[in-house]
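Please go over the structures that come below.
What follows is a pair of complexes built around chain A, which joins chain B in one and chain C in the other.
So, the complex of A and B:
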């Protein structure tokens, strides 16, 4: 298992944002966590990334427990898990060029410098469909789709074992969303990382996911292979989620607010 | 406005400029802004005077402080364009000689205040917790006193000299930078690009230096520019009350003080050095305001 989450609880004051979640992601697998806003899926992702400490429960990355690690080791462990955020305009340092943005993690992995480092950056960007003309650009000079490719290049430069995708397409123009989704699907075939996809967009989930966990009020209420979940949802809440979407699972399900399971 | 509030750094906008790096767009915006251009010209003149003053002064020895009793109290004329003082020294030469220490002291004081305050503010804002509390409470102690008053107390302890005045001003100015940068760092800390830097497994020092500091640079630059003028005024004020530069240093504040007993008969002794201070402060203020507008991401149409 690349990722094993056991009995994860995270409370903020009296709010139990994540309330006893168990899930695991195998190598090469895409696991989608779906749920409405406030269901705890982003908190779950932040715990997996080690950005916040869980209140209880454990997060194991390739068998190593993040909770018992010393800060220095935790820093290195984090490099095995990377993230692509929802809004690439906010997730890339506006004062860095594309080259520097990708070179920063690349150098951590390869230790290269100068021209060799630049070649590695160019090669990775090329794989993601960005030519060398973009190297000297700043984020504000690129489109949302191009920026999300840069964010992907930055995350993949460390060759992580697990890539957390936090609503990776929902801030993008509809015309660009499909390109990024296809890119994500393509990357998975080349010995790439496992994906933990956080989304409320059922079309995205259907396109990418192998298995789906449905999150509601901090708990995973249903977990099933993607085909089965869409074909025959077992849990009442899941059914309502799917029904709440016009055209059944083709668009957002944010409208399912407040539905009781 | 109270007298002491004149010597407080003006508060600049607290919004961190997580925006494009200031480039030609910002420069163009600055050059389209009339008052800012005037500020740039005044600051440019001051820099020129500081660089070339001793070379172009008509009476170099008098500029440096040598008395010339035969020509004392002369009104402005073709030989002495701005007149002479009570010891017969050419006031134009004195002003030209005075530009260099005035500029060096104010730039040096602000530079040191930035060097001390910015790292402390970065650490306080980024790390938070007890360290933040400790740093901020210490800086609050300094901020509780008006900067000029605090500087006066420190100079009284150290003894009056230009050096001690500069040290005193650094001590009273650094907390403003710590507070400014702390606020910026707090609001940048939770931004996705900083969290992203964390997931790369970078050290805190690297994140602060590479991801936080560059996004604070515009507000720091604006504040520092305005403060150079404010410190120049404060250093002049300390000299005026005898706590700064000592005679025969060609210090503008000191010259105003030396001329004040003659202000109704030989007005030029105080008026011209006073005007030099005024124009220098005005220049830095206009330039600082112009930079704030030019670097504001909302104003820059890029």
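So, the complex of A and C:
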């Protein structure tokens, strides 16, 4: 297993943001965590990245427990676990060129310098659909879709074993979202990382995920292979989420279904 | 039936940029009309023009007539708040953070109707009931409410002077999926009860399909396609609408590669704006701006010969 989360609890004061979660992600697998605001999905992701310490329970990355790691080990952990955030405008340093943004993590992994480092950056950017013309650009000169490719290039430069994708296409237009989703699917086939996809968009989740965990109030209320979850949702909350997906026409608005909060 | 809102050949320019380049649309009384498109297509500016709320430096031409009043030529304050109101995307920033919800209702009601504080409070309570919120919310500050509750408050506030047109600009975009669904159902129910028209500005084609009677699909500041919502979104005729729908991941479609649209938006002055990205484009598409014919602004609607 790339990731094993066991009995994870994280409290903030009296709030149990994550309240006993078990999940595991195998090599090359895409595991999606779906849920709404306050479900605990972001806190779960932060525990997985070692950004915050769990109150109890364990997070194992390839067998190593992040809860007991010292700061130096956590830095090494981040070479194995990377994240792409929702808003690349906010997550990329505006004063660094695309080349520097990608070269920074690349050098950490390969130790290259100068022209060799530049070649590695160019090759990775090319794989993500960005030509060498983008090397000298700053984030404000790029579109949202291009920036998200840079954020992916930066994360993948370390060749992580697990990539956490936190709402990676929520800020993008539909046509650009399609490009990024296709790209994520392509990267998975080339000996790529496993994905932990955090999303509220069930259509995106169904498109990309192998397995899905539904989070509600800090707990995983249902977990199933994607095909089964969408075909036969077992939990009331999962059914309510599925009923909320728009696009089935005016008639679907008339039949209020499921429990109201 | 005479139109509630009629926008004719609206152009908006900001400096040398023309984000809206000849949009014509209409909303009949009691009709829900979608204005859909991606970032930069001109949908939000079109909505703001109807309210007379274009940003400083923006110049508008064309005609915007709302219930007989000329909005572009006249004083927009004659219609704003009374005949037309807006529900904004982010309810967290649309309210004054240091005034209670009741105070904000009082401000609006007293400005528009000149009623007493007591009457304003009674009316506000009535409006909150209509959006399924308890009266005690009047004593809350915005930060004490959830996004969904605030959006209900904003809808109630928008209805306070019984407008004939409500412009909803990405009204559900900032909300969780289940809450977004509740807000859409609420909007639909209130629309039926009160009979106002709705201009539903959104990037979400699926939501437009669920609540709109008719839709206009905007691309690069022009109307690419218009028609009945189910017709346009189930049987799109403009290549852009087709491409946009094909790019959308769906629960009811087989999983696989999504079709993406190559290139980026161009605001070409000559020819069809979509020509550079269109799989069916011919020479004529780059040379002549396609006129709208039968609701589709395309030289080859439904595919090239």
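Methods note: the second predicted complex is superposed on the first by the 246 of 261 C-alpha atoms of A that agree within 3 Å, B and C clash if a C-alpha of one lies under 4 Å from a C-alpha of the other, contacts with A are read in each partner's own complex, and residues count from 1 in each chain.
The definition used in the following text is that a residue touches a chain if its C-beta (ideal position, glycine included) is under 8 Å from a C-beta of that chain, and two chains touch if they have at least 3 such contacts.
These numbers were taken from a predicted model, which means no experiment stands behind them.
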| task | Examine A:230 and indicate which partner it touches, taking first as chain B and second as chain C; both and neither are also allowed. | result | second
| task | Go through the superposed model and pick first if A:41 touches only chain B, second if only chain C, both, or neither. | result | neither
| request: Could you say whether A:158 touches chain B, chain C, both of them, or neither, answering first, second, both or neither? | output: first
| request: Could you say whether A:95 touches chain B, chain C, both of them, or neither, answering first, second, both or neither? | output: first
| said: Let me test your reading of the model: by the given contact rule, A:200 touches which partner, first (chain B), second (chain C), both or neither? | reply: second
| said: Which partner chains sit in contact with A:134 here, chain B, chain C, both or neither? Use first/second/both/neither. | reply: neither
| request: Check the residue A:182 against both partner chains and state whether it touches chain B (first), chain C (second), both, or neither. | output: second
| said: In the superposed model, which partner reaches more residues of chain A, chain B or chain C? | reply: C
| message | Residues of chain A that sit at the chain B interface in one complex and at the chain C interface in the other, please. | response | none
| Footprint of chain A on chain C - complex, ascending | 38-39, 147, 176-182, 184-185, 188, 203-207, 209-211, 230, 243-244, 247-251, 255, 257-261, 264
| request: Spell out the residues on chain A that touch chain C in their complex, using ranges where they run on. | output: 36-37, 143-144, 173-179, 181-182, 185, 200-204, 206-207, 230, 240-250, 252-253, 256, 260-261
| message | With touch defined as at the start, can you tell me which chain A residues reach chain B in the complex? | response | 49-51, 75-79, 81-83, 85, 87, 90-96, 104-105, 108, 138-140, 151, 154, 158
| Of all residues in chain B, which touch chain A in the complex? | 18-21, 191-193, 195-203, 210-211, 214-215, 302
